[in-house]
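Next, two complexes with chain A in common: one pairs it with chain B, the other with chain C.
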Partner chain A sequence: MKTSTPRLGFSFGRLWTIGRNTMTEVIRQKFFYILLVFGLVVIASSRFFAQFSSVEQIKFIKDFSLAAMTVFGALIAMVGTAELLPLELENRTIYPILAKPVHRTEFLLGKFAGMAMLLLLTILLMSLIFEGLLLSTEHQLLASAAASASAPGAEVSAQEIADQILHQTRDPALLKAIFLIGIKALIVCAISLLISTFATSVIFNVISSVIIYICGHLEAGARQASLGDQSPIVRGLMLVVAFFVPDLSAFNLADAVVLGQHIPLRLVANTAAYGIFYAAIALALAILIFQEKEI
Partner chain B sequence: MRKRALLAVALLLLAFAAKGPWEHHLRAQRHARRLGAGESLSVELRARLGQNLAVALLSGFRGIVADFVWLGAHTAWEDQKWYKMREGIELAVLLQPHSISFWDIGAWHFAWNASYGESVNPKYPSDAYRLKVQRDWILAGKAFLERGILNNPESWDLKFKLGWIYYQKLNDPLGAVPWFQQAEADPEAPLYVGRMVGHMFVKGGRHDKAYAWWKRLWFEDHAKHPEQLWYKIAQWGREAEEKLRIPTSQRVFPPVQKKSKVPNSR
Partner chain C sequence: MHAIATRSLTKHFRSTWRRRVVGLDHLNFAVRENEVYGLLGPNGSGKSTTLKLILGLYQPSEGEADIFGMSVERTVSRTSVGYLPENPYFYRYLTGAETVRFFGRLCGMRGRRLEEKVSELLALVGLEAHRDRRLAGYSKGMLQRIGLAQALVHEPRLLLLDEPTAGVDPIGSIEIRDLILKLRGMGKTILLCSHLLDQVQDVCDRIGILHYGKMILEGDVKGLLARKDQFQFTCEGLDDPARARVREAIRAAGGRLISEGNPATTLEHLFLQSVRSADRGKAAPSGATRPVDLPTAERP
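Take a look at the complex of A and B:
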């Protein structure tokens, strides 16, 4: 007589538990704090542009802060995720978990969810500091604008100068840029998780993620080169890059936001959907490999 | 089991293939809106930037790279190395052609700072030569802003600044008028831009046109722009009426007084 074990259903409760534990675990790692502190220092350092004009000051603060958010978001995603699976294997904590009625899919998605929550928290924190920095700069600039407008012979009212400063500092489009930075970090996280399902070392994972990150910004060029008159080997290589690597330059709308260019919400939503789609492919591939992996 | 795995791999390959057209669509959308898509890194640009900045640029940090180049230009300005400053500014706008502040401040460096610096440069053989170099820098600032406007036709700011060069550096207030008017036509332009048009007519001796302009501003809906300097417009309008000897019965502007009473509507 053939016996069959009852099929274990997918549980969001288990996924949530794994995700929450993963987040706590990563927060406990010291490197996370170092990166966070470093990120905060870089954002704060952008205050040292006081000798520039108000327009330049605000541009520098936005550029530096958004770049710092991008770099540290990606670094936390890469380094934090790269350590997840190897650490579980090294500490042998993965065995009791998988011995319980837990899907490998739930385990992997839980890990991803944990990192995603952590990234959300980090970006939220950096955004708050960024906003604080902008508001404090705005306060200073408004004070000096009021002084210059009240000078004898001034033909521009303080209100007119204030409007121009406020137009730059209270720009809701910054949220679009920050949102896309978050989505980009999620893609990096998914790629790193995918690599960690077959990589044997953390260093290999981090280096591979960095290479893919850089290639991701050159994806458009690779696609063009694959159609150009290069040698067949180069064209083939470029085609592989263009086929598998995400176009991360699509998420670089922060520069346009800082320059005050209009970015339609539709484009932001479309870009975010693309990012989520790519992250889903990477996760699906990771699940596929992880399910076949001998542990 | 193997069959399922193969099917999953095939589906994933299909998904990877589907991302290509999606990326193309996104790129086209960004390109249509001039959002920085498709700006490749030429060999010349790579050489001018140096290795580190080129890598940063390739990693998607165009804004930061442009800022560093700009900081270099700023230092060159402080050191009064005008040609080095110009090189930096040109590179910065090459990296970010839609940065209004780079065009604006760059033109100011050329037409004001470098032109003044050269006008008092003791190394030059004569005053005539100094004047010529000074004028060259002013014209460089003007040409720079014109390029900025070509790159950013929607910017009222650059048009305003070009008008300002005509007024302040080329002593041609009437030449400034079309630029101030173009800037004023932008609904986002602050109200002082409109007032500058009237001032330019006055400075250019066209009191009739200035009067017509002050009237145009005065008959705008005052409630719509409470921040407008209405009492000043009334004062300037009154001055124009005096100058043009407008009969009292035909005068529009109330007697000069601070925060004068304004009509409720046209």
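Take a look at the complex of A and C:
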């Protein structure tokens, strides 16, 4: 005889418990520290490479630091996420969890949430170092600009140099660029999680993620180049790639930021929505596969 | 209502070259409430597969299973189940208390109720002194005990224990067996998978033997093991002439003496007695006698 069974609804409490634990887990892995420290050192070292004029030096720091944040954010997302599910299966830590009244969706989204929180924390940390670096460089450059402008025969006034420096360092577009770096890392994280639901090894997952990451950056250029191509095969192939692989170059605002171009808020919002859409699709597919997975 | 009921539960796996391998073959069995049921069988017989199907970790190829009348396909059925996997590995970076707390939170427990439960369970499994130690430093026996604590955190009515003493030394094994007996006393229903037959005999009310995914024998432990055509006396204080008179009396009554001699203890009891004597600073006993304070496992 069967009794009527009550429903067990989706719980953000359980998702949060798994997410917080995932974050603790990744934080305690050595590779995370290695990548994070390396990322911070690279950002901090950008200052010592610069041997240019004052404004050029700031541009260099911005360009170098934003690139470092993008690369290390993506690396942490790829390597960290690729290990999440295989480690749970290999160490059998998943069994007692799914033997509790926990939906598989909560488990998977909890894992993603933990990694996402960690990525945002990492990017925040790198941003703070970056900002500190910019402010200290700004302080030094302003002091030296004031000294050189007050020298007899100076062509540019101290105020003009200061304006140019402040225009570069206090640029709100920097925040927009960092925001999109975060969104891009989340897409990479979601794609890597999707691959880990069916991949047989961590290495396969990391390599696949790297290939998708590279394709995502080359996609826009290739699409542009193929526009003039008459071959339907090439055009069809580009269409398929464009459908399955997100255009990751759209998230790169570093060039515009360095050139001091205006970045409309609408563009940032649209790009973020595009990224969140891709991440949501990847997560939905991951959930579908994981629901049927025999563990 | 049964704690567990399976109807024609079947599981096929695909091996290399897509060959079909039968993991479990139309299994029908039921575990009654408040009993300890031992699921026995050699490696690969389908014990762990049965547990994974009951927990919804595998999808059945055919058939169905219920827990207290609820289909195991529903996640909510697991509110009544506690599971201790074989060789459990929990998060090594968590302490004992953090581990039980983590699983309690997954079951929706919070605040003071959870903290009280954590302390109560750590005391029950004898790990109170190690509550703030990371699991990386736990022995196998301690890991099994913390596994039992997490399995019990949401006060389930049913416990599924998969090889609870695998890789544990004899003392740890006895401690876990005593814990199982204690849980039975608390009214829990227990499904125990093991190939340690002595242990199963000590704690189980009923057993089922699986072989190649099929149930080949099932029944009450005492009923299955009793030799109803034979009877055994164990006595002391008889000298040689008295023993001769007993033999004569058996013959006179039409019986046939099958065996006689000094009863042997088990290696487990000898081991425990030696270790405990050494712990007390005394010499190990030279005689092979069964200690009176240990549960006996008489053999026919």
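Simple rule for what comes next: the second predicted complex is superposed on the first by the 267 of 295 C-alpha atoms of A that agree within 3 Å, B and C clash if a C-alpha of one lies under 4 Å from a C-alpha of the other, contacts with A are read in each partner's own complex, and residues count from 1 in each chain.
The rule we apply is simple: a residue touches a chain if its C-beta (ideal position, glycine included) is under 8 Å from a C-beta of that chain, and two chains touch if they have at least 3 such contacts.
Bear in mind that the values here come from a model prediction, so they are computed numbers and not experimental data.
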Of the partners chain B and chain C, which touch A:Y274 in the superposed model: first, second, both, neither?
-> first
What is the contact status of A:F12 with respect to chain B (first) and chain C (second): first, second, both, or neither?
-> neither
Which superposed partner A:D255 touches (first chain B, second chain C, both, neither) | first
Chain A contact check, chain B vs chain C, more residues touched by chain B
Between chain B (first) and chain C (second), which, if any, makes contact with A:E292: first, second, both or neither?
-> both
After superposition on the shared chain, which partner residues are touched by A:Y33: those of chain B (first), chain C (second), both, or neither?
-> neither
On chain A, positions contacted by chain B and by chain C = 292
In the complex formed with chain C, which residues of chain A make contact?
-> 1-3, 5-8, 11, 13-14, 17-18, 21, 24-25, 28, 91-93, 95-103, 292, 294-295
State the interface residues of chain C toward chain A in the complex, per the touch definition above.
-> 1, 55-59, 66, 68-71, 74-79, 81-85, 87-91, 93-94, 102-103, 105-108, 110, 147, 150-151, 154, 160
Can you list the residues on chain B that touch chain A in the complex?
-> 5, 8-9, 12, 15-17, 19-20, 22-23, 25-27, 29-30, 33-38, 40, 58-64, 66-67, 70, 74, 96, 98-101, 104-105, 190-192, 195, 199, 227, 229, 232
Note which residues of chain A are touching chain B in the complex, please.
-> 52-53, 55-56, 59-60, 63-64, 66-67, 70, 155-157, 159-160, 163-164, 213-214, 217-221, 223, 242-244, 246-256, 258-264, 267, 270-271, 274, 277-278, 281, 284-285, 288, 292
